[in-house]
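Across the two complexes that follow, chain A remains constant while its partner is chain B and subsequently chain C.
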Partner chain A sequence: MAADGARFGGVPRVIVRAGALLSCASTVIFLITEALPGDAAVVRSGGRATAEQLDRLRAEAGLDRPLAERYVSWLAGTLSGDPGHSLLTGRPVAELIGQRMPVTLTLAAAALALAVPLMAILAWAAVGGPRPLRPVITGLVVGGAALPQVALAALLVALLSAAWKLVPPVSLLPAGEPPWSRPALLVLPVLTLALPAAAYGAALLRGAVADAVSRPFVRDAGLRGVSAAAVALRYVFPVVAPAAVRLLAVVAGGLVAGTTVVETLFGLAGLGELLVSSVGGRDLPVVQAVTLLAAAVVAAGLITADAVALAVDPRGGAAR
Partner chain B sequence: MRVSRVLLVAVAAGGVLALALGGEALAGREPTRTVAAPWAVAGPGLPLGADVLGRDVLARVLAGGRDLTLGALAAAGAASSLGVAGGLWAGWSRGRAARAARALSDLLLVLPLLLVAMLAVVTVPGPAAVIAGTVFGGAPLTLRVMADATAQARHTGYVEAALSRGERGLSVLFREVLPAHAGLVGADLGQRMVLAVQLSAALNVLGFGPPPPEADWAAMLRENLPGIGLNPAAVLAPAAALALLAGSVAGLSHILAGRS
Partner chain C sequence: MFSPLSRRIAVAVTAAATLVGCSSGGGTDPGAASPAASSGSADTVRYAAPGSPSNAASDPHGLLPGESDLVRMALTYDVLTLPGPGGETLPRLATSWEPDETLTRWKITIRGGVKFSDGRAVKAADALFSLRRMGEKAAENFGRMEMFDLAASKVLDDTAFELVTRKPYAEVGKALEGATFVVPEGSTDFTGPVPGSGPFRPAGGDAQAAKFERNDGWWGPKPPSRYIEVRAIPDPQTRGEALLSGQVDLAAAVPAALVKQHADDPAVKVVRRTGATLYPLVMRTDTKPFDDRRVREAVRLTLDREQLLQVAFLGFGEVGNDLLTPKDPASPTGLPQRTRDVERARKLMAEAGYAGGVDLTLHSTTAYPGMDSAATLIAQQLGEIGIRAKVELAPADTYFSTVWGKEPFYLGYLGGIPFLDVVRVALKPGSPTNETAWEDKAWNADLEKALAEPDEAERRTRLGELQTRLRDEGGYAVWALSDRLDLAGPGLTGLPEGIGFSAGFIDQVALGR
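Moving on to the complex of A and B:
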């Protein structure tokens, strides 16, 4: 009875939570960006325009309408697939995003593909690995999770590019070529994204794994002579899975945010770099659309995580 | 044995913090003055060589951590104290508002904090954006941990004894529950500090930090990356400084968390 009730209540709850997250995110994004003192009209005129010219520029861009009106029209436009035009270049925001998307998607997908197995291996090794190695791996995980991304980027460039000359130090893509056509250019950005994400995930997952390993049925399996790999896969993994998938959604969100630093540092023209340059230029429609897209990615990840948790444990593990 | 290890790590982390904050006094040379050719390698008088504009890398590394560390300390303090206060209240009170605070913090947790800080940097200067990002991304985590600890403490002997002595809720929270979780709070403060250092390094490398002639570890990375083939120390030294700062604080926090 109780199990059925939870299963029934689980799916709507997942949708409600994702909706709450997105509306909260859109409000935060709009309020923070609209509260700025100097607007894009000032930036575009280079600070030399008279008050009258500024007023005309603002009227053209619709910046003189009341806040609530602008919020509603922005949200309606964005939801219908038209987040407006860039204030700086006048090009449609949707077109800008579409152009930058392949680079960021390739980066994030490759980084996630590397980070997920690494995270699982590290979390397992820190708890169930060879005893003398455990403190070393734990130290590696804690230190790796603390390492600022830019410091890691510098270290990787110094080693892989300057010292060993394996890959080029910047990843300038020839115009018009898809990002996956030059894998060597992606090595540094992907490693810089994936390694901290894996360490961060493993640091958080370690506790859940330690918890699972200390359960009686897991210890019992070990005593019965089941091999370590089989214990990890058959007994520990199902217990850890819901927490791991939820963690993965958060790690993926951090990874998307991390593309801002990585793309700017390595000269890749992706969404992250677009966001950074738009923040610098106070190009509000672009900033709002890109951050809302990132929030939507995180929300999608959480929906997936909740769905997986519900499938693995229908008793309502998704509630937590 | 265990206490001495905590002491050792605490002294090391304190030393790194002190060096980051007061290093400029040891520099012996203006960190903004050109003294050699761009990216000149190490030589007499220039132990780490020169940077993109021929300035002394050692002097810049010694001077480049102060603002970043001060900002991170302020951000961590703000996030941690807000989270601890909120967590004590949310764990103690069982009202509707406390549950709403928990739900809101769960919601905030999933917004990537670097993006929140990027949004904030549109409106406010870099250091304030670091504080905003750390509070948005860190305080909800603290609140959650502290609320769980407080809810558990409600049913322990020492809290029940204090309540039956007639002490009021607020005084029990601050004089019994909080001191009992000092290790937890310390570990949490360390984690927020690491978060703030990472955030501030990211924002400064993107160009939202202190304006150019000012020395800053993260900005040094970006300035000197093109010259890594000529003087690798100009990149590796600030990277090592950032890693050392974040790593030593994280290590201390890890040990404190293990003890509490």
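Moving on to the complex of A and C:
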């Protein structure tokens, strides 16, 4: 990346970085999914077919072609917007993803909307909150970041659903209605996604905030009697913004990854559940398309982060 | 197919819920937790069935990986025949199946006046076309049509066709059970439903839930419910929770632990069907030490079946008698229950030359509930006769590719299928799926003779004898059968009674009042 930085400046550099990230990701995704033991032919035959029958199924699905050839045709298809067909059902991958997108987008958007302010509040409170509370908040943040989603989900179900009966423990969306039509069904999935993400983000952001508040002009502003909120907004935010946006990209990527657990657990048919069952069914075109999509989300986030960094500090904050 | 991950999550949830004390408070009000969640109406039955929304099958003649797939097909399409609750064959679209005296040419008559959803009449040509399609897709339906010479079969008229078998075969009605979904002749695109003549018609829905509307022109008994919604949910615990929170009206195949918790709950009805699932212990008869019949017998004599039933199935089931298909109508009756005799087992091991014991690996998987704990307990029990078995667990997705049909010693899975289906998928000489390497020539010759026997009672007797021989000499130990456990709303009626294919035919369900 350093070489890119020397040759390109500003916007082109951002694009080159994103492109490099995506092409690396695509190769890694392809190779890893190909290396999974077993294949869709075995799955389609229920594990009880003869070697000849398996060979025929593989030939029908094009699985008998050399790896390099399959990679090239997959890449060409993906770039032209046609990620192919499911090896198990024959349905177009784009259609499968399109059906699942609303659920996952709704979940991720709601989780982000909750996680971002929470993250900012926690990070600020851990640094600039009442002194006796700071270690408590730091502890909560670090503990929350380390808590596995499965455990958190179990805890939330136990409290909100089993004990207090506020929301149902599973979230079957009514057929043919948009995912946001029953907000009660989204409470547990969104909390399970958002809380660890907020804690994780706050844990990382805390350092940047601490760094920013210790700068002379921030302390100066405090001494001049500017209110804490105004200090945060006017002086700390611009310093922290590039790091925060980059962090947000990573957190968004983490949210997408988190949907695999959360959707499977709460019975939601989104992209995460699609990914989990497609890995199980060795439905490689689907697996590859969904993972690449997730990589693209992270890449888009990083581009945004770089763009923000550029806007704040045009001399080259993005290269750091 | 469901992932072990989701199962672990479910276990964690249950554990946490129990900790908080949710299960201590007696009855659960199914609606309490979800005032806004229920979209149920008196006209719609919502069914949570095993399956995955991702690989939901759309081809009725390929692999139907989950029960939700079977249910959707059974609502949309008519089948030729159906297994009845007692394992007998019932007519469905086919009204009769009559052989010639050689038992190789069968006249299959189908109902007249039946129409596909696009208005075309259902003809014998459509039925034969559908069977041929199944023949072409043999690799994906366990070779279900392999006893038939479909090329030599022919249409006789609009409502009759001649089905030719490769050898004399008296069980044609049975061979046509359950999966013979009839589609219009010439259908090629199966990425979505094609016109069907079944009791319901697809009425939209999405990846989560498929909706069906009653076909008022169906020939059979009028389905009491106007709509059925089928949801594919891979995780058993999630299916159960969906019912308990009022989001569905019927949850198929739920965990035994959940049923135990709600056994006395007036808001839920537990539906038990016996003999639905078994995890036979597979011993390859061509691999040491199981190539010695005495070792296989010693294993069967050592298993503590009652203890295994309690641990693996939480007592929801019955002990096995080493018969693979005890619910098949041709299953031998009056056999004494195999009981534990460790003394005799030790003697047999010594006679076979294993007085000093033997080291083995017992394979199992986390894919099926209780199969891992069953393996651990079996290994422990077999330690008493010197078999030192190390348990190795494969995840769901590699179990069928690396363990099933390959390893010499593992726990297999059978889901309530009839004897002749087991023969086809697991006992065929020379087949790679012959998991116990059962190559007994005399047995196979007698099987052929039995299938050529026109007298039903005599045929059943002979098929029963074959099952007895397999029980005593073969490579299987069937230690227990588990019940199929469903949860339903208290008023739900019209559930199918049988196991296997018949469990997928839910067209008569109704919410009741």
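Observations on the model:
The definition used in the following text is that the second predicted complex is superposed on the first by the 311 of 320 C-alpha atoms of A that agree within 3 Å, B and C clash if a C-alpha of one lies under 4 Å from a C-alpha of the other, contacts with A are read in each partner's own complex, and residues count from 1 in each chain.
Heads up, the rule we're going with is that a residue touches a chain if its C-beta (ideal position, glycine included) is under 8 Å from a C-beta of that chain, and two chains touch if they have at least 3 such contacts.
This one's a predicted model, so the numbers in the text were calculated from it and none came from an experiment.
Residue contacts after overlaying the shared chain place A:150 against chain B and chain C alike.
Of the two partner chains placed around the shared chain by superposition, neither chain B nor chain C is touched by A:206. Of the two partner chains, chain B is the only one that A:29 touches; chain C does not reach it. In the superposition on chain A, contact of A:302 is made with chain B only, not with chain C. Contacts of A:50 after superposition on the shared chain: chain C is touched, whereas chain B is not.
Within the superposed three-chain model, A:258 lies in touch with chain B and out of touch with chain C [touch as defined at top].
Here chain B and chain C are compared by how many residues of chain A each touches, and C touches more. Legend: residue contacts after superposition of the two complexes on their common chain; A:96 is shown touching chain C, with no touch to chain B. In the overlay built on the shared chain, the residue A:161 is in contact with chain B and with chain C. Where the contact sets of chain A with chain B and with chain C meet, they give residues 36-37, 150-151, 153-155, 157-158, 161-163, 169, 261, 264-265, 276, 279-280, 282. Note for the complex: chain A touches chain B at residues 20-21, 24-25, 28-29, 32-33, 35-37, 139, 142-143, 145-151, 153-155, 157-158, 161-163, 169, 249-250, 253-254, 256-258, 260-261, 264-265, 275-276, 279-280, 282, 284, 287, 291, 294-295, 298-299, 302. Within the complex, the chain B residues that touch chain A are 107-116, 118-123, 194, 197-198, 201-202, 205-208, 218, 221-222, 225-226, 228-229, 232, 235-236, 238-240, 242-243, 246-247, 249-251, 254. Contact residues of chain A toward chain C in the complex are 36-38, 42-51, 53-54, 56-57, 86, 88-91, 96, 99-100, 150-151, 153-155, 157-159, 161-163, 165-170, 172-177, 182-185, 261, 264-269, 273-274, 276-283, 286.
Against chain A, in their complex, chain C makes its touches with residues 1, 3, 5-6, 8-10, 12-13, 15-17, 19-23, 32-37, 39, 48, 52-59, 62-63, 65, 138-140, 142, 190-191, 204-211, 229, 231, 233-235, 238, 241-242, 244-248, 396-402, 404-405, 425, 431-433.
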